[in-house]
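Working notes for the structure below.
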Amino acid sequence: MAETRHAEIASPFILRLPVRFTHTDPASYVFFPRYFEMLQAVIEDWFTDALQQKYADLIIRRRLGTPTASIECTFLKPSRLGDDIAIAVKLENIGNSSFRLRFIGSVEGDIRLEAVSTLVMINLDDGGVRSIPPDLRTRMESYQAAGKAGAQKAGEPPHQ
Amino acid sequence: MAETRHAEIASPFILRLPVRFTHTDPASYVFFPRYFEMLQAVIEDWFTDALQQKYADLIIRRRLGTPTASIECTFLKPSRLGDDIAIAVKLENIGNSSFRLRFIGSVEGDIRLEAVSTLVMINLDDGGVRSIPPDLRTRMESYQAAGKAGAQKAGEPPHQ
Amino acid sequence: MAETRHAEIASPFILRLPVRFTHTDPASYVFFPRYFEMLQAVIEDWFTDALQQKYADLIIRRRLGTPTASIECTFLKPSRLGDDIAIAVKLENIGNSSFRLRFIGSVEGDIRLEAVSTLVMINLDDGGVRSIPPDLRTRMESYQAAGKAGAQKAGEPPHQ
Amino acid sequence: MAETRHAEIASPFILRLPVRFTHTDPASYVFFPRYFEMLQAVIEDWFTDALQQKYADLIIRRRLGTPTASIECTFLKPSRLGDDIAIAVKLENIGNSSFRLRFIGSVEGDIRLEAVSTLVMINLDDGGVRSIPPDLRTRMESYQAAGKAGAQKAGEPPHQ
């Protein structure tokens, strides 16, 4: 079972984040809205590192935004102050103007949350939906292909 | 169609919250993790006002917590600084140690988000799951019954 | 001494806010950055209610922002989940393009925090500093005068 | 002048943090309460890395907390999405049960904020103030000495 889990969280992009005091609630666990702030951080670094499109430039220079249209998240186990969460990103679908990401958050291979989010590409100047630009689409497709290739090597430890 | 929507957001408990600067992002819209902070505020006031169990007492005196086990949320339209969001609460299911809430957030009858959340009752001292205490269960059942009675009056304007 | 305190927190504008789960940390107290989010909420409602300038319109329509240039804050006693904090606003100084506010946060007359903040009026389109518009200046002066008149009645209970 | 600034931000401990979407407001700048969340992150990593006391263990195992008793902060220039802020920590004073930290936040040597914070050591079980434990005091003194040694090598006017 542990191996299956390891295979599940193999991913071309994984961001590690510490659970900070800021994230925790009076029960000492991560307060769930803070996980969504972490997912936003993951999206930013995924754009910057995996798609080679600096997220700040996407917003400020290209004036493109990626609001979340829908999200579902299951919190399997609580995380506590001092845990280091590794959040893996799988690109499940690339549509015309939207894309779907799956996030798997784990602490030392132990899965804590799993989320699926649909993001829409919008023009920040008028708020309108727009097609994913070709350069980003190409890099998304490469990322998706790398993820599928990695998934075929199931059973191997994750390559962080 | 408008009537259907009005019927949908009829509810025995509705909390109105202003969209504040704190909630908004560089695109001027509510940044989605902030909606989950709003839902947490709704849960607190729902306990306090609708179930007549002050939420702070639930946590501090009864040492019971209600972490979110899973949530799914669809953001239908963006909300902006200055909007007043009315968030209605429907109690969809009462289990042994968990309950499921549906939230419908609207601005002047225009639905902005819809979320379904499963919350678990835990003992804050050991983190273990526990049964919903009988007094809370009874009030939850009353709330659920009031919601069903209200839903039968579909077509009437919402009683905010 | 209690009378002195009551006199101190007399103010033409006081916003009451509940301490929510969102605000509290693993020690069950308000996590201090959350107080600054509360102060921002107070500023918004002070503009809207006391200066009769809806804050959202200031930002969205008039394209004026009020970033904080400096702030100092003393946390006298901790606040806990379930407390209702009353935050009073004193307008201490009105400059050409900046103004200084004093906030006094109390729970049932017991002072929890005191903060002094200097805010600058900027044009959101170019980020540049600009003079406080005459209509806002006039209302600020009225607010300041009302505060001074109220302070002369020291010893009386606060008029919330 | 640039050299003077560089001397000012020499410090035995500097944490670099990216400005994320989560931190920014409708004016595209860091919303000031988010800076205080960053300072809290700096405090945590300063304990863990500079004092060699894992902050999570301080809270969870030793049951010691470090609430902020007072803070003053000047925001010299705005920071934007995509900036990398380097926050340096100077330990200005070590009292019996409190200590005073100065934070200097800069982006590529350009100072954005300067803050001075007094933190108090408390026992999380009863909330009472307690003396800084000897092991932490010794490491704090070493940190302070390292900071002074570094400052003397600047050969320039001392850092404020």
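Lettered A, B, C and D in written order, each chain numbered from 1.
In the analysis below, contacts are C-beta pairs under 8 Å (C-beta built on N, C-alpha and C of every residue); 3 or more make two chains touch, one makes a residue touch a chain.
Computed from a predicted structure; not experimentally measured.
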Examine where the copies chain C and chain D touch and state whether the two sides share over half of their residue numbers (same) or under half (different).
-> same
Using each chain's Cα centroid, which is most distant from the centroid of chain A?
-> C
Chain C to chain D, mean C-alpha position gap in Å, rounds to 26
Whole-Å gap between the CA centroids of chain A and chain C = 38
For the pair chain B and chain D, the C-alpha centroid-to-centroid distance in angstrom is 38
Residues of chain B that touch two or more other chains sit at 21-22, 26-28, 31, 33, 37, 40, 59, 81
In the complex of these two chains, what residues of chain C are touching chain B?
-> 18-22, 28, 37, 40-41, 44, 54-57, 59-60, 80-83
Across the complex, what residues on chain B touch chain A?
-> 26-27, 29, 31-34, 36-37, 40, 59, 65, 67-75, 78, 122, 124, 127
Give every residue of chain A touching chain C within the complex, in rising order.
-> 21-22, 24-28, 31, 33, 81
